[in-house]
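Have a look at the structure below, then the notes.
Note that the chains are named A, B, C and D in the order they appear, and that numbering of residues resets to 1 at the start of each chain.
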Amino acid sequence: MLEELKQKVYEANMELPRRGLITYTWGNVSGIDREKGLFVIKPSGVDYDVLKPSDMVVMDLEGNKVEGEMNPSSDTATHVELYNGFKEIGGIVHTHSPHATAWAQAGRALPCYGTTHADYFYGEIPCARNLTAEEIEEGYEKNTGKVIIETFQGKNPVYIPAVLCKNHGPFTWGRDAAEAVHNAVVLEEIARMNFMTELINPQAGPAPQCMQDKHFMRKHGPNAYYGQGK
Amino acid sequence: MLEELKQKVYEANMELPRRGLITYTWGNVSGIDREKGLFVIKPSGVDYDVLKPSDMVVMDLEGNKVEGEMNPSSDTATHVELYNGFKEIGGIVHTHSPHATAWAQAGRALPCYGTTHADYFYGEIPCARNLTAEEIEEGYEKNTGKVIIETFQGKNPVYIPAVLCKNHGPFTWGRDAAEAVHNAVVLEEIARMNFMTELINPQAGPAPQCMQDKHFMRKHGPNAYYGQGK
Amino acid sequence: MLEELKQKVYEANMELPRRGLITYTWGNVSGIDREKGLFVIKPSGVDYDVLKPSDMVVMDLEGNKVEGEMNPSSDTATHVELYNGFKEIGGIVHTHSPHATAWAQAGRALPCYGTTHADYFYGEIPCARNLTAEEIEEGYEKNTGKVIIETFQGKNPVYIPAVLCKNHGPFTWGRDAAEAVHNAVVLEEIARMNFMTELINPQAGPAPQCMQDKHFMRKHGPNAYYGQGK
Amino acid sequence: MLEELKQKVYEANMELPRRGLITYTWGNVSGIDREKGLFVIKPSGVDYDVLKPSDMVVMDLEGNKVEGEMNPSSDTATHVELYNGFKEIGGIVHTHSPHATAWAQAGRALPCYGTTHADYFYGEIPCARNLTAEEIEEGYEKNTGKVIIETFQGKNPVYIPAVLCKNHGPFTWGRDAAEAVHNAVVLEEIARMNFMTELINPQAGPAPQCMQDKHFMRKHGPNAYYGQGK
């Protein structure tokens, strides 16, 4: 079932090591079929070298395995929460990409220092709080998802398709698995640039709001004119 | 038309990912035929994997598309301004290369800390100011070019073939598209070295003027003796 | 003798340059056959290009060469001490991987800033003290092992399979040579992330203990549920 | 003439881009035949892609070209001075490798923070002073060599086969061209590690002298026991 989606999610997973976002098996990508209410996710702890499209695990939105011989990613319950909480998204990525993870470990939101950021993310990328001991005990992965959703109260997850989980690492999302991976690549790159920006000028401030508006909207707004108008 | 120039501009564009200056489609190179008053530029948002010489778009110096099926780079109006403002240049590059962009985001000119810099750029590489909200509204890309030209009042763009646009990223130029790319590579490398230089010694100062003169002139002056005398 | 172990130790050694942990011959991996009380180690100063499984040297736990035409690694006496002091371990790695070595040179334990660390190492990775002039004189490599063991008094080397030797570099270990290399790769990656973490936020603190417990135990505790339950 | 030496110097030059020490043509390697009093050096500004052994230029120790169609490296006069001043050396390398150059631009000697350094360099690697305007005017490249030699008054260039030239970059040397390149690789690696060391711990101090003695001497002293005793 969902063979085409499995293939796409497989390919999105394979893009992670190709883009240098992954050491060993530290990441997972999923993609959802909204009509069927089912999503496809990488199995847990399987090497990218041997991963096959048919290894992808099919899950429903209550967190039940619907198809697949392997255990799904240990972070599956986080994906479930995000798909339920953010109705517009079609794909989710988690990595431990080094620069984004460093910001998450530092417990800081990623400021919008420039147009590279503003081309993809509208405003700073928030850093979600730590889970409490009770939340960890009760359901670590599920509550990770709930805390991300809490972090986005008053924010638009379509306009800011990424979050840093404190002392952990980033999650990104998008219209589908491929776009979620694309956003993970961009997040890592801007985390790297912003790290250097602050060392070069500790007084650096965010890009002017009008510039952020311009760049985000020329790629994403109703009058977007970047690219070939697809 | 301009098949030879298209081929050269295509090759200069392809050098960007090969040199590690580009993530996804974040860059563009153009080259001009001064006699005809036409320039050739990469189309907007096209993957480097599928880019072909025939995809290059031909533009005139008033910003009209003369030939090409695709939309030109979204930064085309900046290239138009630079070709009109800097009559001596034959090629232009824009990238978001990470170290140069970090300096741009930090809003700082790149000091000349050594001979690697002085071999190519005579004095510090300036950082252009942010555009005002009005300038952005009126014509963002065009006014980006105007602000760069304003930045070079009293400076020689042939001696300093690069600029950092605040909160954005670098533009470089050269006698042709290939040299502009060459300068983009050098800029990224010195931005990286200079970043480290200041962390190693916050009191580091620029290279002595006599040393800057010597290095720039042994490669670029009338009595240049570097290379094989081409 | 020990042909299978030699092959595995050879392969573990070859993984070091593949993972970018090694410049020239700056590293060594060994693996032990606990039943026979013999271990196999890389010869000293041999290029990875020409290294063969049959070059591996067989040593006993008193530091005598049992088989092999070449000199064993100059750090062999350290391996002997660690195998004798840490009875549960089956493989040992020494490298000068750059980020881990930078922490060792800084003389600081590696704090647990996040889950990437906590997935593999339970608590901070200690930095062993310098040897005294007498200890160096008496037996540098052997006493390096003794000082590592001293550093682990009150700590569980199975739960923290790594150490930084001050002004020198890291040693890691594991159930076998392959796992010891895996831990060396992870150590380098977290040393890199943690370096950036402190620069992004000098006040960054360790991950909450409940989070460290959760991550370490979901991979290593009796109720581990990461991976495919092998 | 000197075909074998040309081949070796050619190979040593080609090792520079392979090891990532070089951008474009920013480096040069030479090797000397002490009996004949002639050395072989890379031509100036020739791309590594097209460089051939027969392009190597033969020079005498007074700086005269003895054979070769091309101009020798623009730094040839520095090599002449070093061969005349340091009689024990057989090969010289100049690069702008980024980390070593950052230290040179910072104007600081490279401290010996650990055994990676001490395995190759006995004590800190000095930073040579800037040339005066007069020295630059009179003979920039020649006086660069003279200032390096001045920097080594009271130091042994065989024990410290490297120098940083302020606001410029490193020179390394060795028994032959290949060893000089080897030392350039090591210098870049320790410059990188030491950069991070100081950021991790601004109070980091050099490795204890007894440790530096031990490591340098176990590889280089009369009782060296590292490697296979070649």
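Annotations
We adopt the following convention: a residue touches a chain if its C-beta (ideal position, glycine included) is under 8 Å from a C-beta of that chain, and two chains touch if they have at least 3 such contacts.
Keep in mind that what you see is a predicted model, and the values were worked out from it rather than measured.
Interface residue usage between chain C and chain D, two copies of one sequence, is largely distinct: under half of the residue numbers at the contact are used by both copies.
Our note on geometry: chain B versus chain D, Cα centroid distance of 33 Å, whole angstroms. Mean C-alpha position of chain B lies 46 Å from that of chain C. Contacts with at least two other chains are made by residues 198-199 of chain C. Because contacts link each chain to exactly two others and close back on themselves, their graph is best described as a ring.
Applying the touch criterion to all chain pairs gives A-B, A-C, B-D, C-D.
Of all the residues in chain B, the ones that touch chain D in their complex are 113-116, 182, 185-186, 189, 192-194, 196-201, 204, 207-208, 210-211, 214, 218, 225-229. Those residues of chain D lying in contact with chain B across their complex are 23-24, 26, 43-46, 70-71, 74, 96, 98-99, 101-108, 130-133, 136-137, 140, 167-169, 195, 198-199.
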